[in-house]
Structures are given as structure tokens and as C-alpha cells.
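You will see chain A twice below: alongside chain B first, and alongside chain C after that.
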Partner chain A sequence: MDILTQTKTGFTSIIKSFFRKKRYRIGIYGPPNAGKTTLANRITLDWTGENIGAVSEIPHETRRAHRQSDICITDSRGHTVIIDIVDTPGVTTKIDYKEFLEYGITKDEAILRAREATEGVAEAMHWLREDIDGVIYMMDSTQDPFMQVNIMMIGIIESRKLPVVIVANKIDLPDAVPQRIRGAFPQHPVIPVSSIEGKNVEDLYDNMVRTFR
Partner chain B sequence: MPHKCLKCGKEYDEKSPELFSGCRECGSRKFYFIGELSRTEKKVSDDIRRPVLKKRGNYEYDNRNPVNERAEIIKDRTHSPIESIRIIEPGSYELNIHKLVESDDRVVRLNDEGSYMLDLISMVHPKKRKKWF
Partner chain C sequence: MIEGIQIDLISEERLALLTSIEKVHLILDQVRKGTIVILERGLSPEEQSTLIEMAMLEILPDGFNGLEIESYPSKDEGTGIFSKLVGKGANKPRMTVIGPANQLKMIKKERDLISAWVSSR
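Moving on to the complex of A and B:
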């Protein structure tokens, strides 16, 4: 890089820093049971020492969007970004209370859970439209990435021109194939992590600072 | 789960490559999701119509026949993804994700009977996104 290019890059970054937003609102989206709340808890625990929400194996445990404000993330080069993390309910095209019955909850509880989950998805979609500055899109790397909801959501995020980091979660499981996700969405950064074990989260933080800053 | 081309109505399965490359018939890249129930309903509508056609011995469609009218209504419903949330029964819902993002309507609460509560104020004054660059 010659001296002229270096000067130009330095000057541009100084000018940009004047106009840069103070804080970004980052939504964690993805299908149910991809590990959104586990990742949100990992990020908030790492940087603020607090948890954001409860985790469960029953789908749609998160039925309302939860927000944790003023999380200052620093990457390995010392750059920082201040974000609000919004943990959203799992996005799906069909919610049926019968799916929840096998987890040992009563029919009334299952119907209520399905209704709240539907309201939660509607709310999360509305947030995506107006209140979100960037997206962390979670996928389960043991599952097929070509699920209808993934294709649809990535399309929506692209059409709204929101910066996105795709997280290939659950790489600690033996049947995880994060390369499938990378192959399916080569146009976006795909970071393989294990939210539950904290594996490779530093790489995710580096990418978050690079993408959302 | 099947998808239907928004332009020509051709159906594709979930993993069809046409969902990415575009419809084989018309080239459109816009598809909408059709649930299993919609498929069943369509099959039912075809079954209802078939005996009527056989009985008449021709393929003209009789709008005055109430059975045919019902079949047409069901067919129309499967072809138009108008609703953002479709209540199949209490506790079972089909969600139109595109519609939920793009619509000005904001669903705040669902009732047991299948009615919706909407946040009217947010629809009248949508918040503008700030553009910094």
C-alpha cells in the first residue's frame, strides 16, 4: 500500500468516525432451537456478566424479544463497537401446539405457548423492519441450511440492506457440518461457533466489530 | 413443504434448485409458501369438482352450483397469500414472514377466537430509519 492510499484510508476513517452511530441495535434471528438465547447469554456474560434469558430444549422458549443494552465489544485489534443485543423468538412459518405436547406440557399450556410464540414472531418481524441496524443470523450446523425459513430470512435481510453475520452454531456436536452453511451462503461471513462451550466466539466478536462498526 | 411461484403458480418442493435460480416457466424469483393444509384443501376442492364434471359430461364450469362455488372459494384462498397470520385452529398458526415484515399492520395480540389486536398508532406514524451515510 503506497503512502497516498494509506493517507486516504486514514482520512476516510477519521471522517467516518465523526458520523458513526454511537450504538447499534443488533438482532439475533434464526429458526427455533438454533441457540439464539444461548449465544445472547454468551455475549452478555462475556461483556457485562449478566444473562439475557432462559434456555430450554422445548422450541419457542423465547416468546418475547429481550434486549440487553450498552454492550461494548472489543476485537483482537483493539477496535470497539457498542451494541444493544436483541434476542428474538425463533422464526418459523408454522407454529402448532401439538409439537409441544411431546415435551410433557398440558394442552392448555401448549396452546398458550403457540399463541405467544406467534405474537413473538410477529413482533420480531416488525422490529426487523424498523428498529434493527444489523443481524446475527443463527443456524444449527447439524441441520440442513436450505430450510425454507433460512432462505426467506436471508432474502429479507439482504433486501433491507442490513449487515449480517451468519453463525453456524453447535459445532461441538459430532454431526455438525458448518461447511454446508458456508457453501449455502457464500456472500456472507459464516462463523462456526459453539455458543454453549464458548468455542470460537473470539472469531465471532472480531467479525461483529468488522461488520457492525 | 411446497412453494408456489407468485407469477405463474407453478409448485416446487422445498429443496428445489428453482427456488434460487428462478421459476422454470416464467423466470420469476418470487415464491410463496403453501402449507400442508392448503394442499389438502386444494385436493378436496378437486375431489368435489370431479363428480360434477363427470355427471354433466362436459368441462364447462357452473358458477351457480353451490358445490362448485365452495370449491372456487377454497381455490382462491390457497392462491392468495393475503394474511400475515392464518389461524388454522386455536394453537395452530401459519405465518407469512414476508407479509409480517412488509405490512404496515402490527399484530400485538391474538385472541382465542381468532381475532387480532392491532397497534393503530404505530401504523399511522411509522418510525423512520435514520440514514447516516
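Moving on to the complex of A and C:
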């Protein structure tokens, strides 16, 4: 390659990198069974046509962080953001394998699930400290928003100055009260959503573009 | 000897003498022995994150199964522009109760009230 070609190639790559949109790594965090994987699947299906992970009524179905790269989200005004979605295991401060036995799995399976879940929570905390640019924090609208894990996680996210959108999920359920979540965390955008039915996800996409762009 | 549950109330001054990792080890060591630890001033978010991660790695089947932690939500103080500019908008840790998950259970929690129940092993 001659000097002229090398210079041209180098110049082109500088111009390309200047105009390239930064990719943001967005973690979906929240307590177990808040609907993180359901939302991750909804987002990836809507924008890439693929699922990211399996969902289950048994807590800690997601025991490792899963990443889906290069998701281009466009809001209602035509603005876009390119993100990697990281679906993380549910965060908790306690895991007892006996709770899994209630779902009809064997003791050995429950112990294995608990061990994988503890590793998954530790991994999720590590991702948050090292590798995440923004957070979608999921809460179940039928549950008490003052759960300690929510208070701690929002505090950790704020201390790291990460942009965050709070999703008040499961608004399709009759006892959902998303207003409680708004009242508990008035400092952040709170978007009521039903991930499973896709209700109000357009509002979430608008907020994601606004917050993570 | 009277049987019961040990409760350690750790002052803000004593906590201030410890590094973050020393605080986390102190709490985990005490809680794994069945002690309820009350911190006059709670942990920073980074310390809480480390505590969760380390507690997860200590969990064993039919043994230690994690922590119950309770503290008040952060106060909505310093949310104005001036406070943010001078760095006073950050969450300040508040009094925190930590115990073994199989002994300390939260009964009720509100913005200004924590009601918990403690059992022996």
C-alpha cells in the first residue's frame, strides 16, 4: 500500500469514527421476577426480530447476563440510539434453595439453581460497576417499591451517575399501582409498561432514546 | 446464661475508622455468626454493592443464605440546581439494620418507619 493510499485510508477511518454513533451498553436491572427478560425479549423482538432469553415463573430463571448487540431504537420523532441490551440476573441479598423446591424441582436442581443464581447476582453487580453505560430499572407495579433492593440499587446507580429509566412493569395486572413507584422515585422518569402485552412500550422507547442518546 | 440474639450497634465514628472492605468483612463476619448489626450511618452505595457481591459468594446450601438489610430511603434533599452544582445532591447513607436472612424479617416498611422481626436460629 503506497503512502497516498495509507493516508487516504487513515483519513477515511478518522472521518467514519467521528460520525459513528456511540454504542451504549444498557443493563436491565431489578429484583427477581420483575419481568426483566420479558422486557429484554420485547425490545429485541421489536427491533431485531430475535429473543434474548427464556422466561419462567420460577425466580432466578436468568442466572447469567445475556447481551444482545447493535439494537437501533427509533423514537416517535425519528431520533435513534444504538444500544447493546444486557439482561441481568435478578438482584437480591438472599437466596435459599428451599424456595425453588415449591416449584416442583428436585433438591439437587434447586441447589444448583441457587448456586448459579448467587454467581449471577455477583456477576450483575460486577457489570454495573465496570461495564454498563445506562440502566433500565424494572419494578413490579403490584409490589412495594420501597423494597430494600430497589432503594439500594437506585442509590448505586445514582452514585455512578448512570442515566436511568425506571419501568413500572405488569400494568396489565389488576392490582398494579405504578403511581406508587412514581411517588417513591420522583427524581427519575418512571414509565408504566406491560412488557408481556407490549402496552405503552412506545413511550418507553421515546424515553430510552431521550435518556441514553 | 441468658439466651438470645446479639445486637451490635456500630457508631458513625467507629465506622469512619474502617476502610470499605473492612466494613464489609466486619458486617459479614458478624451476620454469619447470627448477630444483628445496626449501623448508625449506613454504607455508601459502592460499599452496598460490594456487600451484596460478597454475601452472594458466601451462601451455602443449608448454611448461610444471605442478608436481610433495611434502611430508610434517601432523603429528597439537595435536588436543586445549586445543591447539584456543589455536590450536595448525593445520597447520604442512613441508619441501617443488617442481619441473617433466616433470622431477620421485615414486617412493614415506609418512608419513615421500619418494623422488623428477629428470631433465634
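Simple rule for what comes next: the second predicted complex is superposed on the first by the 192 of 213 C-alpha atoms of A that agree within 3 Å, B and C clash if a C-alpha of one lies under 4 Å from a C-alpha of the other, contacts with A are read in each partner's own complex, and residues count from 1 in each chain.
Note that in this section a contact is a pair of C-beta atoms (placed from the backbone, for glycine too) under 8 Å apart; a residue touches a chain by one contact, two chains touch by 3 or more.
What you are looking at is a predicted structure, and each value in this text was computed from that prediction instead of being measured.
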**Request:** Record, for the superposition on chain A, whether partners chain B and chain C clash or fit.
**Result:** clash
**Request:** For A:L128, select first, second, both or neither according to whether it touches chain B, chain C, the two together, or no partner.
**Result:** both
**Prompt:** Which partner does A:A34 reach: the first (chain B), the second (chain C), both, or neither?
**Reply:** neither
**Request:** Determine, under the contact definition given at the top, whether A:P186 touches first (chain B), second (chain C), both, or neither.
**Result:** second
**Asked** Of the partners chain B and chain C, which touch A:M208 in the superposed model: first, second, both, neither?
**Response** neither
**Prompt:** Which holds for A:T92: it touches chain B only (first), chain C only (second), both, or neither?
**Reply:** both
**Request:** Name the contact category of A:M138: first (chain B only), second (chain C only), both, or neither.
**Result:** neither
**Message:** Residues of chain A that sit at the chain B interface in one complex and at the chain C interface in the other, please.
**Reply:** 91-97, 111, 114-115, 118-119, 121-122, 125-126, 128-129, 144, 146, 148, 151-152, 156, 160
**Of all residues in chain A, those that touch chain C in their complex** = 91-97, 111, 114-115, 118-119, 121-122, 125-126, 128-129, 144, 146, 148, 151-152, 155-156, 158-160, 184, 186-187
**Item:** Residues of chain A defined as touching chain B within the complex
**Value:** 19-21, 91-98, 110-111, 114-115, 118-119, 121-123, 125-126, 128-131, 144, 146-149, 151-153, 156, 160
**Request:** Enumerate the contact residues on chain B facing chain A in the complex.
**Result:** 1, 3, 14-15, 19-20, 33, 35, 84-85, 88, 90-98, 100-102, 106-110, 126-127, 129-130, 132-133
**Message:** Considering only the defined contacts, which chain C positions touch chain A in the complex?
**Reply:** 44-46, 48-49, 52-53, 55-57, 59, 61, 65-71, 73-74, 76, 79, 90-91, 101-102, 106, 109-111
